[in-house]
Each structure stands twice: as C-alpha cells, then as structure tokens.
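One chain, chain A, appears in both complexes that follow, with chain B as partner in the first and chain C in the second.
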Partner chain A sequence: MANEVETKIREEAKKLLESGEVTVVIGWGTGSAAFKTTPVFVEKPEDVEKLVWNPACTNNLAVYLPQVAQHAKVGIVVKPCDSRSIVTLIQEKQVPKENLKIIGVTCPGIVDDASLKKAGVKLSEVQGLDWDTDCVVVGAPSGKTKLPITDAVKEGCRTCTQRTPVISDVTAGSVPAVNPVPIEPMEGTPEERRAYWAKQFERCIRCYACRQVCPSCYCAKCFADRNDVRWTNKKADTSEAWMFHMGRAMHLAGRCVGCGECERACPMELPIMQLNREVQRRVEALFDFVPGMDIETAPALGQFEPEDPDPNEH
Partner chain B sequence: MARIGVFVCHCGTNIAKTVDVEKAAQAAANFPDVVYATDYKYMCSEPGQNLIKEAIREHKLDRVVVAACSPRLHEPTFQRCIAQEGLNPYFAEMANIREHCSWVHEDRGQATEKAIDIIAMLTAKAKRNEPLFTKEIPLTKKAMVIGGGVAGIRAALDIADAGYKVVLVEKTPSIGGRMAQYDKTFPTLDCAACILTPMMVDCASHPNIEIMTYSEVEEVSGYVGNFKVKVRKRAKSVDASKCTGCGVCYEKCVVKGLPNPFDEGLGTRRAIYVPFPQAVPNIPVIDRENCRQFTKGKCGVCEKMCPAGAIRYDQEDEIVTEDVGAIVVATGFDLWDYSKLGEYGYGKYPDVISGIQFERLMNASGPTEGKIKRPSDGKVPESVVFISCVGSRDDEHGYPYCSKVCCMYNAKHALLLKDKLHDAKAYVFYMDIRANGKGYEEFVRRTIEDYGANYIRGRVSRIFPEDGKMVVRGADTLLGQPIEVKADLVVLATAMQPQPDAKDLARKLGVSTDQYNWFAEAHPKLRPVEFLTAGIYVAGACQYPKDIPDTVAQASGAASKVTGLFSKDALTSEPMIAYINEDTCVGCGLCASVCPFTAIDLVEVVDRAKSTREHQVMRTVARVNEGICHGCGTCAAGCRSMSAKLRGFEDTQILAEIEALANVHS
Partner chain C sequence: MSEEITEKKNDSNWKPLILGILCNWCSYAGADLAGSSRLKHPANLRIVRVPCSGRVNPLFVLKGFQKGFDGVMVLGCHPGDCHYAKGNYYARRRIMLLKELLQSMGIEPERFHFEWVSASEGVRFAELVSEMSEKIEKVGPFTGVDCSKVPAAF
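Coming up: the complex of A and B.
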C-alpha cells in the first residue's frame, strides 16, 4: 500500500531537484531497524531512492524548516500533522511560504517503538511495516501480522481527524478511511491530577529532547535556558521540571498540532501529549479554534476581540 | 546593596483599622536590604512626605517603598516626593495594602499577615528597580475632526479659535449633520438652522479650518502627536475652485425625482445637487449612480449650462495624507429602521413616519415648505399620534438602552403641531417621560398643560389603516383599559443607533466600541471625552445617544483636551513601556498582533550570526513604537521567547516578588 506513495514521493522529489526549484528535499529514509526511519536530506536527483514511506515515518520534518528554509528553497515531505506545523510556522513568520515545495502524503496513522510494544509486537523480529486498509501489517520471520490501526498507532494518531495534508503542492495517496477516537478530557480531580503529574515530572531529566523535536519550539533562546532571568533553575528536581513542562504547555496552547514528537523523543517516556492534548481540547472548546488548519485563520491566542469568551464562564 | 526605606501608611483608619500597621513596619524592618521602616497616619500629606524626605537624607535611602493605597492614586505623589531628594522617581514603589488588603478583609490578624507579604514582595521588587527616564516626543499642532455635524463643527471651531489648524472631514456633500435636518430645537424652540448655519459659515470662513466634504477616512497610522491620516476625497465631479454655487446646474439637470436622503425620502433631488439650500460648502456634487452622463454616457446638460465651467466628469477620487497631532471622532448616529416591526406595518404605510421625517415635514426648507401634510395624499392631519420608544428599551426588537432624546422631541413635535394646527389633536404614547435636563420637565408640562397634548401611558400593539385613517390600538395602562385612536398621521420616535460604519472606523483608529458599536470612552465618569488611545477624542452621539446641549458640551470638552495637548511644545513619553530584546526576538509577530494599541512593528535587521562581510542576511524582529505604547504589558505576557519586556515590570522584578512571597512562607 505504501509503495505507490513512495514512488510518487521519489518522482516529485526528482522533478523538484532536477528543475532546480529546490536545493534540498527533506524526507524520511531507511532507519537503523525495520521499525524505524530517519530524516534524510536529499540534494541530488539520483539520491531520491533514499526516500521511503511506511508506518514508521514518524518524524515531523517541519522542525528543520526555520533553520533550513529561511533563506533557501526547500522541498519537504509531510504528513497531515506535519503540514499543520508548516501552516503555524508560516503564520508565525518562521518560514516564507514561497520558499517551500510541499509533497504531502495522506496518512492512516504512524507507529513508533512504544506503540508497537504496547500492541504486543516483538521489535527485534520486525522485518517490515505497511498498511492495509484499516490495519498495520507487521512483517516478521514467522509471517505477516495484521494489527487494527487503532491498536498499533501512536495515541495522537488514534485521535487524529486530519488524514490529508492541509497545505501541499502535490499530495500522494488516497484518503484513508480511519475513524478517529474522540479526545477525552483529562481525568480526575485537580488534586489527583497534581499527584499524577508530580509522579511523572519526578522522572524528567530535563534533556529537552521534547523541545528539540518540536517544530513549534523554535525560539533562539528558550525561556528554560535563560540565565538573565531564571524561570527554571539548573537544579534537577521535580519543581523545576514542573515549571519547564507547564511553561512549554502554555507556550504551545493554541499552537500544538498533536504530532506527538515530544512524547516519542522522551527517553523517560513521560506522557507529555496528555498535557498538550488537554490544552488543545480546551482551546478548541473555548475559541472553536484548531491550530494550523489554514493560513488565513488567525491563531486564537494571537488576537483579542472584546467578544472573546471568558474562560471563567465555561 | 540597596538601601530601602519602607513607609507604612495608616490612611486614617482605612488601613489601620484592619491592618496592624506598626507590626507591619516592624516586620518590614527585617526584610533584606531594608534599612529603615516606619508608619504614619497619612503618608501622602505634607508631613508624611517630609518624613520620607528626611529618612532619605538621614539613612541614605536609595529605594522607597510606600505601603499605602493603589499606585493609580498616589504613585505620582511619591515619585515627585523622592525626586525632590534627587532620587530617580521610579525608585519609588507602592505596596497596595488598602485596595488589595484592608478594604477587602475583615480579620485583622490575617490582613496584617497579608499586608506584610505584600510589603515583602514590593521591597524585593524595589531592590531591582532600574532608573527610568522620560523622553520628549515632537508633536504636530494640527487636529483632524471626523464628522461635520454640530459636534464636529463645535470642536473644530473651538480648536481653531485657540489658534490651531483643523481639518474637518465630512462624509456627505455638506457639513451640518443631523441638526441641519431639524426644524426647531427643544426646549427653547430655537430654529435649528438659525443657530447652526452661522456656525457652519464660521467654519467655512475660518482661516484655521479646512473643510473636506464628500470625504472619508481611509487609513490611520502613527500615534499621539504624530498621526498620519489618509483621507479619500470622493470625486464631486465639480471643480470647487471654479464653482460659484449659482445653482444653474441642478435647476437644469434632467434627472429628476431622486429621493433626497436629507429629506429622509420625503423630498426629491436631481442627479447633480446640493443636499439643502444652506449647504456648506455650497458646491453641488454629481450622483454618478444616477447621472445620465455616467449611466448613459451622454447628456452633458450641466456642463453646457454651467457659466463657470466647473463641471468635471473626469474628476477622480483623490487620496490625501494629513499629518495631525490629535483626532476628534464626532461621527454621530443613525436611526433604527422601524420597518422591522410588523405591528407598525413593516414600514409599508406611508402615513406611519419617523420623527426625523416629521422634522422635515415641519421644516420651512423641507419638501412641504413647512406645511404639515401627510405623505399619502397631502391632507393636513387633524390628529397625529406620536409613539415613544420605537426600538429603544426594547430588547426583543431593538436595543435595551434608552435613546434619551425621544421624550423631548415627541413633546416638541406635539407642541409644534398644536402651534401650527391649533385644532389638530396630538396623542403621545409613552412608557415613562424622561425629561431630565435644564428646562426639560417644564417644557413637557407646557406641551401637556398649555398646548393640550394628550399623553397616554402605554404601548401601541398595532397600527392598521381603515377608512383613510390609521387606527392606533394600544393600552392605557393608567386607566387599565384598551384604547384606540384614529389618526391621520403616526410619528414613531425611532431609536438612535451607531453609524453602520462605526466599527470599521474604530478599527482604523485603533479605538474600541461597546457591545452596540457605540464608541467606548476611556472611563465613563472620569475620562468621558477621551479614548484609551492617546490623542484621539470622542464627541457627540457617536458615543451614546445625546441631545444637542450634551453634544456641544462634549465637543467643547474634546476640543479643550486637544488644545491642552497642543499647548505643550513636546510630549513626554511614559517610561514604563515595553521594549524588545532584539537579540532573542524570533520575529513571530505575536506581540504585534495582540497589542491593543498597534504600537509594535516588525522590522528587518541584519542577522549578525548568519551574515558575512560579503553577504548580509536579514532577519525580522519586533520593535516598539515608544510614542504609541501605553505600557499595558500584553506583549510581554504573550512573548514566548521572553523578548518583549516591560520597563518597571521586568521578569527579574516579577520573579523576585514571587520568590519573596515564597520565602516568607517557607
């Protein structure tokens, strides 16, 4: 199922590079294991064979754009969620739209090692990954196993409502028929939630991997790194981690597209997306705004109207 | 090391009743860097201020924290006080232990603890206060008045008389506005034209006033003292410098019978017209939508007939940019469309008219030359019903507010009707009579008692035609019984509503409107003629329904604000404003989009990290316009990279406050 799309990606990338419309195409390439891919930067037309498309293409490649595409013409392969990141980056003036050639791919949902493990897959035996209508097909020496998509994919992909890119110059693949699971409000009383998160943040080593993979965290100097004003201390303890994660969650309010890269990158397996999803759920409920859907709709928290709803009344 | 003095005020008993001020002062004496702490009955009084000054000298204080009321009240007092001792005024901090503490708490023990917390926070902040300095901003001593009604005219004349240049921008072909349409004015029954037209002529002949009619504001940029306003001067198709106002063009114009908006549709005009005989300037305009030269491409009658050769079919709209230091908004009001009301006939009965139409019927320069005739058949009415609150105080169909002037003009109409047609009957249906103004109540009593107008307290439920009359059916709520009046003419006192383009103009000016789209003043009581945006003022009924005396008073108020502004040679900038750390700014533009005063621009700067000697790379950063910034801090709160900051409220200061609070409790 992924083959056709992969061929199309390579064709389009080749066209862009041969015509000189872009100097580089950013896409996914074969990773160190069959359940992994890695970002690749293809600069020559003959190298487009390096580009792949399969259920392990998890990286949100838009993260590179603020550095790469500010002053150069860049081609990029994007999933729907990644395309929403591009919309927010254009809105936030981090990438000029005219510098981009966007090869979009429709997406039934992505797996990562955590989601596969959770679905009972032995990672060491995985030989290949593909989709088949509403299943993820895991190839192994013992044969192919079909897992229902909602069981195998990342949490953010289960609830995802956007299966085609919102912005692209070409789109590969047909619209997958996958029904999203609704996002549930965060459970528990405030005290229970406080206890839950205190336990989570206890494990945080503040490596900032979550921030580094996030396309929306493009600040030249993060508030957590500032030493003129110490919003967070260098000390590794729960309260400092708490400050960092809350700060980041607030900074992503009305901006997080739900790609889930922060959670995937976290070596301590913190459920960061639970926070982000809850914040986005509230922003949507209050302002009827979903980030990154189109360039024209101004971000909910980037404007003020006297008629804006009062959160205290909700 | 800072040397901080803490001065705890009793505020009489306002604070001392709930807060143990002595205990608070003792506690403050032990805070880090505090070298002196005391309490006093009234810190703002002269002895109180002297106490601070002496302490500064004696204890070599370099920071002063006054624990008293809100900084809104007395911060300037204490800033002046310490400045007299040679300290930078921004080294004075106020710990608000009145509004934030003593006034809102009852338990003395807990209130005292909280007061101590507040003082701890502010001493921690004061330690990190940086000296701040004001700057001088130049200003253009020329004003723009938008709207040429009586408010705009009064404001323009007042400013011009004070010696400053004024540009008066009016949308229609003539200044005069609503008041020019009226017949007589309550409660003195002066003829509106008699008192207004001299002012209009004064405006036109005033050496300091430039009138731009048939013109609209397109775009406003800049800030107090330094606005740039783009005005679209619509093509009149007449060369104003040649036209003598002789009127041959509109006498000879072949396109007749167009409804004249100035007569509220009751009279007619031609395709080239002046809206009314006393128009200022007395220069006709061509209504291009109806002119045969424009619709059919041939006619040219007015061009042939004009003895001055002033007709210009090829004239185009002109955009002019005016540099002004202040703007007065006086765009007036619109009237509610009663055709929404089914019970009053959806506007389809010709003999059910609005109050403004009745004004035109009574006006000597109106369509009937002042003879009251009903529109359907020209019959002189024998009975007229006036209905109050049509669209006002009516949440369901119109507006919940009272339009304020209707009670009075209903009384005026009833009186004038009886004055012109002694035998005619006048009925006024009303909810309440609101006649609170100088001579107003007496006027209403005169209408009822001397002129015999029949006042009926109650609502009209239905109007319908029957045998050549309009049957008005309602309830007399004082008698508690239904009532039916057969009238020749029904006059509806329709609600005043904002101009349809008020919101649009507000957006261009960067000022706010309220829930109905009336312009919103800075403070309903204390700053009634100013907008929150400095240098822009409001006058007349574009703010809220007003009668002529209130409108003119406010116009003079706005004008005095403008002349007050212009009396200075330079403006002093407020130092507690935002600034951007351009090194860390990522140019996302969030600050610019959330700034309520449009004080932030995005500019290109050289990206030194990426540039080489041969190749310069640019990047975008935000920059605060110091003249416009009000220091509200919205940008600083919104900025994710913490590059937008507010002087006097730096992150270091805020964090120090939080830490001080945490330390007290740990």
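Coming up: the complex of A and C.
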C-alpha cells in the first residue's frame, strides 16, 4: 500500500528538482532501524530514491521551514498533520507560501517505538512496516503480523480526524477509512489532577526538546530562555517545569495541530500531548476552532467575536 | 513574596492571599473608588495594575500560582468599554481558556476569578474581593504545584 505512494513521492520530487522549481526536497529516509525513519534533504534528482513512505514516517518536517524556506524554493513531503503546521506557518507569516511546493500524502496513522512496544511488538525483530486497509503490517523473521490501526498507532493518530492534507500541490494516496477515537476529558478531583501533573512534571529535565521539535515554537527568543524577565528559573524544580509546560501549552493554545512530535522527542516520556489535547478540546468547545485548517484564519487567541463565551455567563 | 506566603501558611490565623491583576481604566479605578468610599473588604488582596486586561499575559496568572498565591483574580473593563477598544475582547478569549486549563491542571475553580468591573462599581469590587476571599477560605490554603507539597494520589 505504501509502495505506490512512495513511487509517487519520488516521481514528484524528481520533477520538481529536474525542472529547477525547488532547490531541495525535504522528506523521510530510511532510518537506523526498520521501525525508524530519518529526515532527508534531497538536492539532486538522482537522489530521490532516498525518499521513503511507511508507518514510521513520524517527523513533522515543517519544523525546518522557517529556517530553510525563508529565501529558497523548497519541496516538502507532508502528512495531513504536517500540512496543518504549514498552514499555521503561512498564516503567521513565518514562511512565504510561494516558496513552497507541497507533496501531500494521505495518512492512516503513524507508529513510533513507544506505540509499537505498547502493541506488543518486539522492536529488535521488526524488518519492515506497511499499512493494509485498516491494519498496520509488521514484518518479522517469523512472518507478517497484522495489527488493527487503532492499536498500533500513536495516541494522537488514534484521535486524528484529518486524514488528507489540508494544503498541497499534489496529493499521493487514497483516503484511508479509519475512524477516529474521541478525546476523553481528564478525570479525577482537582487534588488528584494536580498531584498527577506534579508527578509528571517532576521528571522533566527541561532539555526543551519538545520545543525544538515543534513547528509552532519558532520564537527567536523563547520565554523560557529569557533572563530579563525570568518566567522559569534554571533551578531543577517541579514548579519551574510546571511553569514552562503551562506557558508552552498556553502559547500553543489554538495553534497546536496535534502532530505529537513533542511527546516523541521527550526523553523522559512526559505526556505532553495529553496536556495539548486537553487545551485543544477546550479551545474547540469554547471557540469552535480547529487550528491549521485555513491560511486566512488567525489562531483562536489572535482573534475574537463579540459573542464569545463571557465570564458573566459561566 | 514566597517567604511571606510560607509564613502565612504556617499561621493558624491563615487568611487567603489573593493576587489581583486589574486594568488601569476600569477595575483599578473601581478599586480606588471602593477605597475612597471607605468600603470594607478583606486586606489580603495584592493588586498589580496593568494598562489593559489585554495586557494580562497568562504567564502572570501562572506565576502567581507557581509562587503560591491562594487565588488570582483578573479584572477588566466591561465588553465595549475598553479604553483601547478591543483589548478586553482578546483578554476574554485568553483568560476564559486559561480558567478552564487551570481546572484541568487541578487548581480548584474557586481560586481563579475573571470578571468585569467598571470604574463606578466600587461596591461591586469590594463585594467581589470579600466573596472570593470567603470561597478560598473554605477551600483552604493552596499547597502549590510542586510534587513534594501535594498529596500523592496516583
């Protein structure tokens, strides 16, 4: 299933590079293991064979655009969530639209090592990954195993409602028939929730990998790095980590497209997406807003309506 | 500030300490009116004056809780009354979301209050502060967002 799409990606990339429409195509390449891929920057038409497409293509490549596509023509391969990041970047004037050639792919859901482990896959034995209608096919020496998509993919992919790219010049692949799982609100008493989050943030080593990998975190100077106003101290302290993550959640409110890169990049396995999903769930309920769908629409907190929910009515 | 807070918590006569972030044109003037009208309200509110409720960075509120305030209130001009025409509309979206997010994070709804207070509503201001103070007194001191200070429930 992934093969036809892969061929199409390579064809399109080759066309773009040969015609000189772009100087580089950003896509995914074979990683250090069969369950991993790595970002590749293809500059020559003969190198398009390096581009791959499979259930391990997890990186949101839009993260490179503010640096790479500012003054150069760039081709980029995107999943639906990545395409929403691009919409956000164009809307917020971080990337000129005319510099982009977007090769979109439809996406039934992505796996990563954590989600595969959870589904009971022995990572050392994985030889290949593919989709088959509503299954993820895991190739191993003992043969192929089919796992239902909702069991094998990342949490964010289970709840994803966008299976085709929002913005693209060409789109490869057919629309997958995958039913999203609804997002559950957080449970528990206030005290339980506060304890839960304190316990999560206690592990944070504040490496800021979540920020670095996020296409929406492009600020030249992050609030966490400022020392004229010290929003977060350098001290290894849970409340400082709480401050960072809460600040980040509010900065991403109505802008996070839910690609899940922050959670993947986190070395301490913090449930960052649980926080982002909770924010997005509330943004949708309050303002009926889904980020990254339209390049003309400002983010939820960058606009208002006179009829917005009012404190006097809540 | 944090030392003051710790001291307060150890005090058997604990009274909630509230951070008030007030817009200069309406709410701060409202607070001023409450004062010049000799109205009584609990003296446990620490006021930060901002040019507009649209200036209220969610980080102000978060920092307040991180430092251990028992409650935070954000007050601004009524919709349509903003000195800068639409600052309070932006604030409304931002602060309404923050209010809900704080609940997700396990901060009791009583501890955060977002409200419109105009320059003529001195009486209302005094009432609001008294009400909020009473509510927080029932909920008890805020024990912080730190793991060591909140009971282990998970």
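The definition used in the following text is that the second predicted complex is superposed on the first by the 310 of 314 C-alpha atoms of A that agree within 3 Å, B and C clash if a C-alpha of one lies under 4 Å from a C-alpha of the other, contacts with A are read in each partner's own complex, and residues count from 1 in each chain.
Operating definition for what follows: a residue touches a chain if its C-beta (ideal position, glycine included) is under 8 Å from a C-beta of that chain, and two chains touch if they have at least 3 such contacts.
The structure presented is a predicted model; accordingly, all values stated were derived computationally and were not measured.
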Superposition on chain A - do chain B and chain C clash or fit: clash
Of chain B and chain C, the chain that contacts the larger number of chain A residues: C
Which superposed partner A:243 touches (first chain B, second chain C, both, neither): second
Contacts of A:218 with chain B and chain C, given as first, second, both or neither: first
Partner chain in contact with A:268 - chain B first, chain C second, else both or neither: neither
Chain B versus chain C as contact partner of A:231, first or second or both or neither: both
Partner chain in contact with A:304 - chain B first, chain C second, else both or neither: both
Partner chain in contact with A:119 - chain B first, chain C second, else both or neither: neither
Part of chain B, among the options 110-118, 272-280, 416-424 or 560-568, whose backbone runs into chain C after overlay: 110-118
Residues of chain A at both interfaces, chain B in one complex, chain C in the other: 223, 231, 301, 303-304, 306
Of chain B, residues touching chain A in the complex: 512, 515, 584, 586-590, 593-594, 596, 602, 610, 617, 619-620, 634, 638, 640-642, 650-652, 655
Chain C - residues contacting chain A, complex: 58-59, 62-63, 66, 79, 86, 89-90, 92-101, 103-108, 114-116, 144-148, 150-154
Touching residues on chain A, where the partner in the complex is chain B: 70-71, 92-94, 218-223, 226, 228-231, 251, 298, 301-304, 306
Sites on chain A touched by chain C in the complex: 185-186, 188-199, 201-202, 223, 231, 237-240, 242-243, 246-247, 249-250, 253-254, 275, 278-279, 282-283, 286-287, 300-301, 303-304, 306, 308-312, 314
